[in-house]
Amino acid sequence: MELDLEYRQGTLFVRPRGEVDLSVADAFRDVLEENLAKNPVNHLVFNLSKVTFIDSSGLGVILGRYKRLKQQGGRVSLVGALPQVRRILVLSGLLTVMNEYASEEEALARAG
Amino acid sequence: MELDLEYRQGTLFVRPRGEVDLSVADAFRDVLEENLAKNPVNHLVFNLSKVTFIDSSGLGVILGRYKRLKQQGGRVSLVGALPQVRRILVLSGLLTVMNEYASEEEALARAG
Amino acid sequence: MDNQAKLEFKSLAANVAFARVTVAAFASQLDFTLNDLEEIKVAVSEAVANAVIHGYDNQPDGIITIIMTIREGTLELKVIDYGRGIANVKKALEPSFSTDPERMGLGFVFMQSFMDNLHVESTPGKGTVVTMNKSVSLSGPKEQVEH
Amino acid sequence: MDNQAKLEFKSLAANVAFARVTVAAFASQLDFTLNDLEEIKVAVSEAVANAVIHGYDNQPDGIITIIMTIREGTLELKVIDYGRGIANVKKALEPSFSTDPERMGLGFVFMQSFMDNLHVESTPGKGTVVTMNKSVSLSGPKEQVEH
């Protein structure tokens, strides 16, 4: 997995690339926690369009950050999941608690 | 491996696709022998542009057909090998006995 | 053509990806759709991650074994560890149940959803054997049915 | 990080592709270039094909074992069969030498060219162990040097 992060006015864009499984889960979580501690974030946007594989270890990192932001009154959006990743999101129930958008722009505009 | 064959005026075009290894060598050889028996072939053109992997079992099929055609006064041309396949052709010495062309057209025009 | 292979490797997180690629390469000897192969990869990933985290408590010196069998168009997988074992298998299989607060408790749910069968045998202190099956669907490519 | 895995499978021609994909997936834990991985695939393909054809005379019931080890940036592969064995290893290693008129006698040449080291141990009637090593080149991506 490679990771690109961008912070812009209260929104943290997270753009992982490649495979998100157990071997990267700890590092992924740590980087996110570090960034959430550093900046005031009320909206976390996971752009999953470059994620080719995810399993429950990877989803756990997303869910954990969701729980944290929800406590603080923030929100989490998911963007651009490919079909195989999207099936996992559906099956896990993550899509019932987080909103899904086609693009980062849409996530910004519609997540109010 | 998938295989496409075309016979045109004494030339047999052979277009394998995919991986050419031990698991397909026998079938590959049999199809070629069958076609060489059916039609008068003086020029055999292997278009390797869609071959993603080849090993000595695969090369053996090409070399065997070369020996056969040479006995009959025919010729064998190799076309479009990708870099990894080309290195194997070089290392095997096949390129020292067979001609290599950039396209089927060039093989037809220049192999005379 | 029936076939069998056995893979043994150390309980390292880096081997989760190795295991799923290996099993997918073996499975591709059957006429699975790309979608089926993706599902098999998730199931393997979950079973191997469980062996690493739960079975061996993230210690790298455990051995994980996968036995892959192709028999009459069906892939059978056995993912075996010789670690801690599961005291209450029934409980462990429940959705959202996890002994680790950081985890989702969805590993077995995914294995069950993505394979045709799941069977878990475990002896506390001895280890765990997860057996999963998946058949090639005879009704043509699955994607066309499901989407 | 040091790592080790062992793969065992039946002597079927279909498993040649399975073996090379598995070894490449394991090798990709090191920083090999794509070109290196292609070379490793050819070497594995040759060693496994030899075990199938020569070691087991194309009988599908033989067992082939590959032991893969990563140690200090080096990949070591052992391809083992319990088949016919080689009476004269020195002769077998000669370029163009083959006991099968249909084959090219280039298997060992390719293994030698594409790996850093090749070592063959064989006992007639007992089997053959082919050991090969390849290190990650420290001088940056090999492609840039060679092409």
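As written, the chain order gives the labels A, B, C and D, with residue 1 at the start of each chain.
Criterion: a residue touches a chain if its C-beta (ideal position, glycine included) is under 8 Å from a C-beta of that chain, and two chains touch if they have at least 3 such contacts.
Since this is a predicted model, take the numbers as computed values, not measurements.
Novice: With chain centres set to the mean of the C-alpha atoms, which chain is at the far end from chain C?
Specialist: B
Novice: What is the distance, in whole Å, between the centres of chain B and chain C, each centre taken as the mean of its C-alpha atoms?
Specialist: 42
Novice: At what distance in angstrom does the C-alpha mean of chain D lie from that of chain B?
Specialist: 26
Novice: Could you work out how far the Cα centre of chain A sits from that of chain B, in whole Å?
Specialist: Distance between chain centres: 50 Å.
Novice: Residues touching two or more other chains, restricted to chain C: which are they?
Specialist: 14, 17
Novice: What's the complete list of touching chain pairs for this entry?
Specialist: Between chains, contact exists in these pairs: A-C, B-D, C-D.
Novice: What residues on chain C touch chain D, complex-wise?
Specialist: For this pair, the touching residues of chain C are 1, 3-10, 12, 14-15, 17-18, 21-22, 25-26, 29.
Novice: In the complex of these two chains, what residues of chain B are touching chain D?
Specialist: Residues 19, 21-23, 53, 55-57, 59-60, 63-64, 83-84, 88, 91-92 of chain B touch chain D in their complex.
Novice: Would you pull the chain D residues touching chain B in the complex into a rising list?
Specialist: Listed in rising order, the residues are 13-14, 16-17, 35, 38, 41-42, 45-46, 49, 52-53, 102-104, 106-107, 109-110, 113, 147.
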